[in-house]
Structures are given as C-alpha cells and as structure tokens.
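Remarks on the structure that follows.
Just so it is clear, A, B and C label the chains in written order, and each chain counts residues from 1 on its own.
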Amino acid sequence: MISHESLATGRDVSASLYVEIQQFYGRHMRAMDECRVEVWTSDFTEDAVFATNARPEPQIGRTVIAEGARKAAQLLTEQGDRRRHCVGTLEVSERPDGTVVAKSYAQLVRTPQEGETVLELFCTCEDVLIREEGRLFIKHRQVYRDDLPEN
Amino acid sequence: MISHESLATGRDVSASLYVEIQQFYGRHMRAMDECRVEVWTSDFTEDAVFATNARPEPQIGRTVIAEGARKAAQLLTEQGDRRRHCVGTLEVSERPDGTVVAKSYAQLVRTPQEGETVLELFCTCEDVLIREEGRLFIKHRQVYRDDLPEN
Amino acid sequence: MISHESLATGRDVSASLYVEIQQFYGRHMRAMDECRVEVWTSDFTEDAVFATNARPEPQIGRTVIAEGARKAAQLLTEQGDRRRHCVGTLEVSERPDGTVVAKSYAQLVRTPQEGETVLELFCTCEDVLIREEGRLFIKHRQVYRDDLPEN
C-alpha cells in the first residue's frame, strides 16, 4: 500500500523506474515526431485505450490507434511541417497492483517548411502503463488539450 | 566538502535525490496549475521566503505565500484560462549542510478558454530545499522573470 | 552488446548515467544562457566536432567552437536579450565502445529587454559523449534547426 507520506514525496518510485519512463517517452515521442508510426504504435498494448478531448469517442485497440497515427503522420508529411512533442514535468506513481501512472505535460511545437516555429498547442497526458515481458506498454492514455473543452 | 570535480560533473548528487526533486516539481507545479493551492502551499516551510523580480518585496512565511497563491488561482479561475508551468533543465546540488539547491527553467504556457495557446513568459527558479521528517520542503525560492528587470 | 530488447526499453542505461546527463545539460545550457562561455566550452573535447544545418561546415576543435560561442554571447549581450535553451525529451543510449549517445530537444526561448517572450526556434541535438578522468565531454554534436533545410 502507498502511504500518504510516500505519495507526498514521490519516494515510493525508484530512480530506475522514473528514468525508465523518461527513456520510454524520449523514444516514444521521437518515434511519433519522426513519423516512425510502427515504433510509436508498438508502445501500446493490444487492447489499449486512447481517449482525448479532441475526439468524441476513445480509440480502442492498437489497430485503431495505429490507423489514426498513420493518418496524422501522412498529413504532416504532406504538409511538409515538422512537429515535436516536448514532454516534461513528469510525475510517476505506482499502484498497488503494479501498474504505473505517468502524468506529463506536452508542448506541441510546429515548424512549417522554412517557416517560423510556433507553440501549436499544449496538452496534459495521463498514461497507465503495464509491464509485459520486461518492458512497459501503454494500456490507457488520457490526453487533454488545453484549447478544447474537457468533454 | 564538494570538490571542483564533483561540481563539474554533478555526480555528487545521487540519482534518487535528483529523481525525488523531479517528482517534487511534477507534483508541485501540477498542484499550482490545477489551482490546488493548499497542496502547492504545503511544499513550503513555515518560515519560507519567496522572492521574485515581479514583486518589490519578498513574501515571508507560508501564510503570506499561500495568500498570494490563492489570489492568483482565483484570478485564473475567474478568467477561465489554463496556465501551465513547464519545468525543466533541472540542475541539483547538495550543500555541505545537507540543504539542496535546485535550479530550473519554467515556461509558463497560457490557454484562454477555447483560445490559442501562447508562451506567456519564461522564468528561472532557484530553490533551497531542506528535508524534514523524510520529505523535502522549499525554504527559499528566488524566481526571475526574463521579461522584467532583475531588481 | 546491446540487444533489441534493451534498446526498446532503454533499461540498459543506468539511472545514475541518465541523471548524470540531465545534470550535464542543466549546467551546460545554463552556462551558455548566462554567457559563461568558458564553462560551456570546457564541456567539449579538444578535438570535438560541432555540426549544424545552420552552418555550411562543421566547427572542428574546441578552440573554433569557443570562438563561435564567444561571438554569439557577445551579440546577445549587445542586443540585451535573454535567450534560454529549454532542453528535454532526453533519450540516452550506450554504445558497445562505452561512448554515450544523448538525443534531446531544445526550445530556444528569447526575451528582448522588457519585451515579450517568444519561442524563437526549435532544434534537435544528438551528442556523442565520452568519459575522461571521470567526467563526460562532448566529442561530437549534431544540431538540426527545424526551420532550416536539413543540409
């Protein structure tokens, strides 16, 4: 059980787990930003749920999530824009059942071809991660864009 | 004593302390951004000092700091804006007396209700943290906004 | 040898190495942003190479890199602007030969004297770091600005 004290200090999460998640996001976000959709998609469990206030219904299952990501990557490639997910302000906690909750902030930074870089939008992300065969996978993702209503 | 060598490499600070401080800021900044002022305020010592070049005099004591934070949160709620502290570029050192100095960069990102997200301002933050009953508290905070004169 | 599995999870890199590199960048970027060019420069090996798509040819050797940095710092001081490198989304890997590859994102945030803060530009950075006498040095840096063509 996680005590109030450990929740307050975050000391219950080991440095190696916290760093593992930083590495996970480094790789995960870079994969998306470089349009390596297969790599990005492989970070989700087969039955993962991706919910966001930018869509009326959550995407359910890795196949559906992958389809959405491929379309987004294709659009970005057609536009010739670069888009980066600058992820940070990470807060990690472990649940009694062994799943990991990772809260992060993401600034989306877009640069049109030889154009000026702009902060396109901001979102919060809350992932529930599970470990399978030694590595972490996203089982549930909840993203909120700050520029859209919560529901 | 901290040697020149260890200052240069930052190896004197353990991974667990560095991660503890990342967790601390994750929780601390999220509390502020979600207007959970009591949680944010509880990260300061009773006698904490909060100095910034945005105010002529430092705030002295947790009660005074809390009052300022409540007003800021109320204003934000009234405006219906969302404001996020994206904290990073963290550098941590330990002093011989056991206090911890944490330097960070913070980008303040504001999104008006259904409006466009903007980078509102940038500030540097230098906190002196002490450990009491197992957890860290801010004893002294010095914030500089880059858009204002230093004094 | 680094297995596919360990590449996927990033678990091959210890928490202490990852944190050491976060500390390295905290110090390194702060040195540049505060125009302490000597400190910044001392993070490069004598024979370091600094390549970027903002220059037709790479800078070769610490002396040349230092000269470029001094000019940039002087220009910034003359303009009276503040410029910050907000570094993050870090991904670290170790090569079999012991060198370390660190990939990061950097948002450059500029604030003219008493003016408004703007996101000036975005770049990706890939450093090859080596350890000498206990501390890390940059042996090769490749920076890409997103607003310029790749070559």
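Everything that follows uses one rule, which is that a contact is a pair of C-beta atoms (placed from the backbone, for glycine too) under 8 Å apart; a residue touches a chain by one contact, two chains touch by 3 or more.
Computed from a prediction, not measured in an experiment: that's the story for all the values here.
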Inset, instruction - Please report how far chain B has to rotate so that its Cα atoms sit on those of chain C, a copy of the same sequence, as a value between 0 and 180° in steps of 5. - result: 120
Legend entry - Interface numbering overlap (same over half, different under half) for chain A and chain C: different
Legend entry - Length of the line joining the C-alpha centres of chain A and chain C, rounded to whole Å: 24
Inset, instruction - Enumerate the residues of chain A that touch no fewer than two other chains. - result: 14-16, 18-19, 86, 88, 107, 119
Inset, instruction - Quick one: which bits of chain C touch chain A in the complex? Just the residue numbers, please. - result: 5, 8-11, 13-16, 18-19, 86, 88-92, 103, 105, 107, 119-122, 124, 146-149
Legend entry - Complex interface listing, chain B residues touching chain A: 14-16, 18-20, 22-27, 29-30, 82, 84-88, 107, 109, 111, 114-119, 134-136
